[in-house]
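Please find the structures below.
In the two complexes below, chain A is the common chain; its partner is chain B in one and chain C in the other.
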Partner chain A sequence: MAKELLKIRNLYASYGEEPVLLDISFDIPEGGIFCIVGESGSGKSTLLKAVLGLDRVLVTGGDILYEGRSLPGMPDREHRKLLGREIGLIPQNPAGSFNPTRRLRAQIRETVESQGMAYSEKAAVEAFGAVGLTNPEKVLSSRPYELSGGMNQRIAIAAALLPEPRLLLCDEATSALDVVTAGAVVDELFSLSRSRNTALLMVTHHLGIAKRMSDRIGIMKDGQLIETGSTEEVLARPREEYTRRLLAAVPRLS
Partner chain B sequence: MQIPMADDYTFFRHRRRDQYVINMMRRILLRIIQLIFILLILSFLVFLLMYLAPGDAAEKRLMSQGVAVTKEMLTAERERMGLLRPFFVRYGEWLFGVLRGDFGLSVKDDLPVAPKLLAGLKNTTALAGGSLLLTLLFAFPAGILSAVRQGGIPDHILRILSFAGNSMPNFLLSILLMYAFCVRIRLFPIIAEGGIEGLVLPSLSLAIPMASRFIRQIRAEILTELSAEYVRGMRARGVKERYILFGNVLRNASGHILTTIGLQVGTLMGGSVVVESIFRWPGIGKLVMDSITARDYPVIMGFVLVMGTIYVVINLLTDIAYRVLDPRTSTHA
Partner chain C sequence: MGSEEIILGGIQLNKTYKTKERIVRPLQNIDFCLHEGEILGIVGESGSGKSTLLRVIACLEKADSGKLLLHGREYTGSSPSFAGRYMQMIFQDAYASFDPRMKMIDSLREAGRRNTRGAAGKNCDAAALREAGRRNTRGENSKDCDAAALRKPHRRGGTDDSRITEIVREVGLSEDLLWRRPRELSGGQCQRMSIARALCGGAEILLCDEITSALDVTTQAQVVQLLQRLRRKEKVSILFVSHDLALVGSLCDRIMVMKDGVCVEEGSSGKILGQPENEYTELLLKSLILL
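The block that comes next holds the complex of A and B.
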């Protein structure tokens, strides 16, 4: 078994007064892929926010350990330093994650240079090509509002991958894409994860995606992980009634 | 597996760069045409108002020469000043003169109006420039600081200062500054016509209230922009706060701030009358105040027209700058 990269131990968290996460525990080893499946409002995104530490998610109990270091326990400044190079995010609304008024070249440059790396046009073009963007030079010269939702999603994926994070959080990473492209992007993420040994923590309401790529999955309902296990096991022999209902409701992704 | 390519056709949902420039040019041209109409209407209104205003320039003029005014003298003077001809003829003549840079003669002393306006304008521009410079030098760092350290000690101190500065009327501030720097500490002369040292106190009197307003606005704009979704996205990508603030937040906020600056410049050019009078700064505000008391209509008309033009042109420039800073406003022409 590979070394554990992210350990979540009996995590309780709340958003304002309202408790959102109740007793969440799971581990992700280096290069492992963990998928959390649940309905909207089940607390999936809050979990990612707690790991990122950017929003006002209050950890009220338990711990989040990244390489053995407690994320909620460390000063903000230190936590922020982990973002990008160690922990990356593919956000739910990719178009919104870029400044709408500036050209993408400048924004990608800032992303790369913030990690202490040198910006190279060639690397950026390659990264854009790798996520299926035609004409990467032109994309680099345009502004986010000039591009479609699907293109923005690919750009967000490329931007998250450029600093080569060791843990990549995906918040409904394929929600803006059509089914065929979504499948392809999922495959691409999967092969990247394997080739670079990047761990993925994916959050989705789409069991098909989970089935296609994850090693382990967790089913989330009302802030609790009601069922966790290897993907095969959970999908073949779901213990919970809720999981069975979710499975029955999924349109098949071939 | 090969990832399907996003087809080139849906690539740029909006226009290409050359189209963007053409749109921009078209808008500017349209605005210039609008501007000409606005100024025409303004000139007509100014002339009409002065025509309807009570008081008789001829009488005023004769009285100022200290002679006993008879009816015959009055008629002759009116005739000489061209006051007896029809309204539209007089308006037309005045307008054509203005277009050639001839604003007529001052009623007070028979000197041409244009050089008077020009001299006043020069001094007022220096004053406006000085106070704007002081304002920006202070308000930008202060506004940024209080936004970034929202709720911190500097934020509270600046809040109180800007509240005080904002509620203090110009004339009071002028007198206080004068008392402090001319009477108690004799740093500046009370009256320094022209000259850099005479510019400092009036500039400060204008800059302090203006900077107080700007700090609040810059702070608010930056806070709004900091809560935008892209800031969160950039932080999640690990982009340094320095890049986020100076390269993106400030840049996006500058459009709105620039609009306010543009409006302020207009106000400064016309609205520094009180401060100019107190410090006896020979600007256009003082010129127009003197002209109003003397019923020197040609100067007043010239003033209104020049100010109107400045205001409209600054507005146009602000608009263009805004579009360049936020290209989204140009694509939906």
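The block that comes next holds the complex of A and C.
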């Protein structure tokens, strides 16, 4: 059994006055893939923000342990040091996280250096190649607005993987892509996670992606994890009525 | 499932855009037909020309060449407002398609007013003729005058508040929501409201452009059921554009697969999903992330 990397214990969190997360508990071992599935407004993204300590999400109870250290209890400086280098994020909308008019090389260099590491062109070219971008040198010299949505999404993945984080958070990383690109990106992410032993905490409303990638799955509804278990088990024999409804709503090829 | 009568058709449609660096051809010799009461799916990746096709059909853009037919009459080059009496676009971003400051009831009344103006019998045709005449003297090539020969849309739009309420119930919403503004609705509710608005406009054809991509699976399933019910009960014909082949397969009677402005394959849903002949269709099927 691999060592636990992230442990979330009875987590309660709120936005201002409004409680959003209620009694969330789950573990992710090193290199494990955990997928949280739920509808809009169920609190999925808030959970990621709580782990990242972003956006005024207030942890009101319970704990988030990264390698046994409490993230909410950590001084801000120390927490920030972990972000990027140890805990990476692939945002839903990569176009919003890059400056559209600056060349990618400068932006990637800035990101890497802000994490206290030296930028190496070779590593960047390799990272871009690993996510299936052909001609990485040319991509590094382009500006985000010149590239398609799919390419920008791959670049966001490459940028998050560059510092070789041990835990990667993905917020609907493929929902903005069309099927062919989404399928390719999902497969790349999966094989990268396996080859580098990177743990993934994924948030999605797409049960197909959860099935293809994750070891374990958590179904989230109104801020609660109503069902967790191995992906196979939950999808084949859902215990909760809500999970059955989610499964029934997915279009199938008949 | 649809009847034999062709309600909408396109023949050899072409469209070209020129940008600084290159020439884009989103439509290359596209032929299509939509039968009454049928749901036709159009599938393809981003940039395949799906949305351009819908915009050309709705007369929001002009094709470079080719013909558009409505009930067997040519309406190529008509105005968007003329096409709007028969067909309405539903967009991916429902919120953006409503005026954020207007209450729903006012948006729907506006659509209804346009419908009564459009379907008021002789007056309408006279008005259409006058409008067309004005345009011709301005040197624009408008074929709105064909309206005189066209049969009226058979659906009754949102002519008064009681009919609007009826339509809103039909799309599965509570009439209380009519007194809210777009942002006070959920994504799914707002999308149903935009379908209700199209029905208030008297449309008998819905042009749906990725209308469920921004919705959850459960909400998506509700909207899909709504479209099926509208087709069955109201004989609404639907063009359904999406990049999700599984969704299109479960909803549509026939499917057109588009790639780089070309229709690479067309056939019944069963055939496209079961025995695709084109390599690209196979790739689309293979890329699906299914349960």
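In the analysis below, the second predicted complex is superposed on the first by the 249 of 254 C-alpha atoms of A that agree within 3 Å, B and C clash if a C-alpha of one lies under 4 Å from a C-alpha of the other, contacts with A are read in each partner's own complex, and residues count from 1 in each chain.
Note that a residue touches a chain if its C-beta (ideal position, glycine included) is under 8 Å from a C-beta of that chain, and two chains touch if they have at least 3 such contacts.
Every value quoted in this text rests on a predicted model; they were computed, and no experiment measured them.
A.B. asks: Could you tell me if A:Pro163 is touching chain B, chain C, both of them or neither one (first, second, both, neither)?
C.D. replies: In the superposed model, A:Pro163 contacts chain B only, not chain C.
A.B. asks: Give one of first, second, both or neither to describe whether A:Glu39 is in contact with chain B, with chain C, with both, or with none.
C.D. replies: second
A.B. asks: In the overlay, answer first, second, both or neither for which of chain B and chain C A:Leu235 touches.
C.D. replies: Second partner only.
A.B. asks: Figure out whether A:Ala249 sits in contact with chain B (first) or chain C (second), or with both, or with neither.
C.D. replies: Second partner only, chain C.
A.B. asks: Specify the partner with more touching residues on chain A, choosing between chain B and chain C.
C.D. replies: On the superposition, B touches more of the residues of chain A.
A.B. asks: Figure out whether A:Pro29 sits in contact with chain B (first) or chain C (second), or with both, or with neither.
C.D. replies: The answer is neither, since A:Pro29 touches no partner chain.
A.B. asks: For A:Gly208 in the superposed arrangement: first (chain B), second (chain C), both or neither?
C.D. replies: Once the two structures are laid over each other on A, A:Gly208 reaches chain C alone.
A.B. asks: Looking at the overlay, does A:Pro100 come into contact with chain B only (first), chain C only (second), both, or neither?
C.D. replies: In the superposition, A:Pro100 touches chain B alone.
A.B. asks: Regarding the shared-chain residue A:Val179, is it in contact with chain B (first), chain C (second), both, or neither?
C.D. replies: So A:Val179 only meets chain C here.
A.B. asks: For A:Gly149, using the defined touch cut-off, is the partner it touches chain B, chain C, both, or neither? Pick first, second, both or neither.
C.D. replies: Touch status of A:Gly149: second partner only.
A.B. asks: Can you pull the chain A residues that chain B and chain C both touch?
C.D. replies: Comparing the two interfaces on chain A, one with chain B and one with chain C, the shared residues are 148, 150, 180-181, 184.
A.B. asks: With touch defined as at the start, can you tell me which chain A residues reach chain B in the complex?
C.D. replies: Interface residues on the chain A side: 52, 54-55, 80-85, 88-89, 91, 93, 96-102, 106-107, 110-111, 113-115, 131-135, 138, 142-143, 145-148, 150-151, 154, 156, 159-160, 163, 180-181, 184-185, 187-188.
A.B. asks: Which chain C residues qualify as touching chain A in the complex?
C.D. replies: Where chain C meets chain A, its residues are 45-47, 186-187, 216-221, 224, 243-247, 249-251, 273, 283-291.
A.B. asks: In the complex formed with chain C, which residues of chain A make contact?
C.D. replies: Residues in contact with chain C: 39-40, 148-150, 178-184, 186, 205-209, 211-212, 235, 245-254.
A.B. asks: Under the touch definition given earlier, write down the residues of chain B that touch chain A in their complex.
C.D. replies: Touching chain A from chain B are residues 1-8, 10-14, 229-230, 232-241, 243, 247-248, 251-252, 325-328, 331.
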